[in-house]
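Note that subunit A is present in both complexes that follow, paired respectively with subunit B and with subunit C.
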Partner chain A sequence: MVQIDTIKENDITTLSINGEVDASSSIQLDESLGAVVSNGDQKILVGCEGLNYISSAGLGVFMSYIEDINAKNLKMALYGLNDKVMNVFEILGLDQLLTIVKTKEEALSRVNEV
Partner chain B sequence: MSFTDLTILFGEVNDLNAGIEKYVPNIFFMAYGVSLFIFYRYRIESAQGGNFVDLLWKIFVTGLLTTVVSLVLKSMDYLMGNTSLMENSIMIDFLFHVHLGLLVAFLISTYVVWKRLILYQKSKLLLGIWTIFEYLLFGSLVGMFFPTNITGYLIYPLVIIAIFLSANMKWVAYLNFKQKWKSILLLVLTLLYLVYFYINLSEMRGAYEYLTVALDSVFISALFIFTSIYAAFSLLVILFNLPTSSVFEQKLEEVVNFQRLSQSIQTEQSATQVYEILLESSVRAGKADAAWIEAIVDGKEIIFRHSIEKETIFNIKNFIKSQKENNLFDFDNVDKGVRPGKHLKKLKGNVFNSIVALPIEISGERVGMIVLLQELKEGFNKEAVDITKTFVNQAGISIEGFKMMSEAIENERYKEELHIAKKVQSKLLPAILDANDDFEIAAFSEAADEVGGDYYDSFKINEDKIALIIGDVSGKGTSAAFHMSQMKGIFHGLAQLDLPPEDFLIKANRAINTSLDKTSFVTISYFIIDRTKKKVSFARAGHCPTLYFTKGENQAAYFTNKGLGLGIVRDDSYAKYVQSRDFHYQSGDILVLYTDGITEASNFKAEEFGYDRLANIINENAGLDATDLQKKIISDLYEFCGQSELDDDYTTVIVKFK
Partner chain C sequence: MKFNISVPCEKSNLQRIRAFILDVLKEQRLSDVEVHSMVLAVDEVCANLMIHSNNCSPDHSIDVEVLIKAKNKIIFDIIDKGRGFDIRKYPEPDIKEIIKSKKKGGVGLMLVKRIMDDIDFIHKENYNIVRLTKNLQPSG
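Let's turn to the complex of A and B:
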């Protein structure tokens, strides 16, 4: 079960993920993230403070948008991951491809970088 | 015919012995009666099935033969009436007995047929009464040896029982209209024969007072009364049943149609055929002039028509829709039930004055409707609608059964296919892994579904080098299994090139890229164990960090080299995300490979098995050999998870250096 809220403030779009992203709920993540990316929102924050678990299917969703984000030159940063979730990103190596930081402020400054 | 021979034989024998011994003719008469009885019983009861008209026909033929023979004898008697031969009392006696014999033959054949008809639908009571009747009748035959005034009383119970038995006419209901007419004709003729014999024999006896034998016997009287009563009753019952026979025929037809609908499940007819039977049956049952069925078969709407054009259907439907405000029959809401369309006559060029529509449902879901039309006003009575409803329900059940059966067969087929896939996949994982004098190796793998995405394998590059791989395809089940088999192909293709682990990953990434979909990836760890240098070099592509126990430090730890799963970056930049690493091994060191199914396995408290538990098992059991260590890990894992089912594939490979 996962709850994903999309909030748009000024030029920044924030997705906050709460709950667990497994094979079935990864579809919801795909829809939310897909909407934001195809919308062409330039600055995207992904709040993972409430994300308890992510399966390989959930990682697959993030992975599938890396190309699009780079191609459209969008800025995306993930923040607030707990240790366990962070570890999952690191093992797969996604931390090398995604901007993952600790706090929202850090994330904001990363997406605001020119 | 054998019975006429018998008659003549009896007559002759009787004649020759007449006046010698009183009981001798009686014995012959009895023997004659019994043999006739056996003969007809055999002949008539061997007749096939329940064709009642055929049975009546048999009586008619016997009656015709006996009457004709009797008439021929009478005419001879008449022609030779003045000769001295005919004056002879013995001759008269003989002729009388021949007539009597013919009558008995006719009576017994009729009796056997009546028995068959009466016992057509038997109950215990009926069978019991019939047995009593037969015993009494036999008793009356035996009674001929005794003075008539004793056996004479037998006639009363016999007649009473005969009347009771004559009330059993169930066979009449099974005759159709035509058969009833035939039966009436045959029964009338049967009665005529009986009347003829009665008059003839009474006349003869009246003329010659001394003819006393047999005619007065209770046996013949009872038989005569019984056959006459039953013939007369049957005739009356059939006559009274004539006007209603069409109703019975229709009911019978409905039952047959109903059966056809139910049987269509067993005969594996398609839904289309069931609808065709339904249409045909409903038209006949409801006496409709025209009808159509609209139903969805395999996702397409099909219209089945009976005596109606497509255009007419279209017009009627449109008309009824346009009349909605008049609270006419609502085609879009058939579920509410049946309403005869009284206003249908307003539709120009329309000949139908009654309409009935019923929804067709399969497992509670509406899949179509049947519409019956009739030219008469209020042409559908409640009966017709009810029987049509029954047909529609039965058709629904038939189609549902048919659907369920095909689904079951389909499921069975999938199961079988998956079973085959499982068998094929189990061959992809090696039964024996390559090893050399430097190390021993043990592996274990289990899939959550029939097939899984975990992979391990080994390859002997040369005498000194052995390549080892462990991998995990994202996702589970069939698609994961396909990618896993692909990974095996890549491993066996690239391992023989003796590439450094880093290059192996880069090439493997390029090889598998094209076939993975956007959200899928594969994680692997690739090892080369070189015994000449006592060195292991390895690289990690997003796979779980390798656990390594060093004997010297007596401590297990996870390697932390960077890596990236295969299929995530699909261009040449992949190279910068991976790095090789190597280390030297010593005797007693343990290399533990595993998939995340093990570390992420959780118990009922939602706790994960985790990295620490795995490392602790190795620390505490480092003395065990590879196989025992592998078993220990799996048994501890099962113990940790308890009853909760493992919902991921899990694999472990243990290498213990000697």
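Let's turn to the complex of A and C:
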């Protein structure tokens, strides 16, 4: 079970993920992230403080938008991952292919970089 | 010690399998990250079997058995009667290729291979076993 809230403040769009993203619930992450990317929102923050679990289905969603994000010149940063969730990204080296930082402030400064 | 659970092949039951594995492993002296990675590996295999071998049919079931051997080895047997496929023969895809293709899947078994020490596929007359083995580091 996962709940994803999309909040727009000025030019920043924040997706806040709460719960578990697995093979059953990854569709919700796909819909939320897909909407933001296809809308062309320039600065995307993904708040993972409430993300308790992610499996390959969730990783697959993030991976599937990397090309579009780069092609459209959008900026996305994930923040607030706990150690267990971070470890899943690290096992596949996705921490090198996505921008993942500790705090919301760091994430903001990364998407605000020129 | 041996523990087991059986659930119908619906993806919504993955959560029950994870809770079961977590429950069994929390009695062991393991780090949170270690426990979580094993929960993930079992979840990945079960999700694969539910989707690809059993078409998510609630009439099919999947059994998970956990065998804790002494203090240094844990064996996870994932048993189903679906269309068996030998997980060991699954070619490891290239992450960058997957990203380029915008595919949303394909890295689950890669996670399993990196988390577990051994993966076996055992085909019996009317069921299949995926056996995952994790060797534990002796503590202290």
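Just so we're on the same page, the second predicted complex is superposed on the first by the 114 of 114 C-alpha atoms of A that agree within 3 Å, B and C clash if a C-alpha of one lies under 4 Å from a C-alpha of the other, contacts with A are read in each partner's own complex, and residues count from 1 in each chain.
Everything that follows uses one rule, which is that a residue touches a chain if its C-beta (ideal position, glycine included) is under 8 Å from a C-beta of that chain, and two chains touch if they have at least 3 such contacts.
Note that this is a predicted model, so its numbers are computed, not measured.
**Student:** Would you sort A:83 into first (subunit B), second (subunit C), both or neither based on which partner it touches?
**Tutor:** A:83 contacts subunit C only, not subunit B.
**Student:** Looking at subunit A, does subunit C or subunit B touch more of its residues?
**Tutor:** C
**Student:** Touch check for A:61: first (subunit B), second (subunit C), both, or neither?
**Tutor:** both
**Student:** Which holds for A:74: it touches subunit B only (first), subunit C only (second), both, or neither?
**Tutor:** In the superposed model, A:74 contacts neither subunit B nor subunit C.
**Student:** Does the superposition put A:20 against subunit B (first), subunit C (second), both, or neither?
**Tutor:** second
**Student:** Is A:4 touching anything from subunit B or subunit C once the two structures are fitted on A? First, second, both or neither.
**Tutor:** In the superposition, A:4 contacts neither subunit B nor subunit C.
**Student:** Looking at the overlay, does A:29 come into contact with subunit B only (first), subunit C only (second), both, or neither?
**Tutor:** neither
**Student:** Taking the contacts subunit A makes with subunit B in one complex and with subunit C in the other, which residues are shared?
**Tutor:** In subunit A, positions 23, 30, 56-57, 59-61, 63-64, 66-67, 84, 91-94, 97 sit in both the subunit B and subunit C interfaces.
**Student:** For subunit B, which residues are in contact with subunit A within the complex?
**Tutor:** 472, 474-476, 518-521, 523, 541-545, 562-565, 568-570, 577-578, 596, 608
**Student:** Quick one: in the complex, what on subunit A touches subunit B?
**Tutor:** Residues 23, 30, 56-57, 59-61, 63-64, 66-67, 84, 91-94, 96-97.
**Student:** Which of the residues in subunit C end up touching subunit A in this complex?
**Tutor:** 11-12, 14-15, 18, 32-33, 36-37, 40, 43-44, 47, 50-51, 95, 98-100, 102-108, 110-111, 114-115
**Student:** Please give the residue numbers of subunit A that touch subunit C in the complex, ascending.
**Tutor:** Spelled out, the residues of subunit A in touch with subunit C are 1, 20, 22-24, 26, 30, 53, 55-57, 59-61, 63-68, 83-84, 87-88, 91-94, 97.
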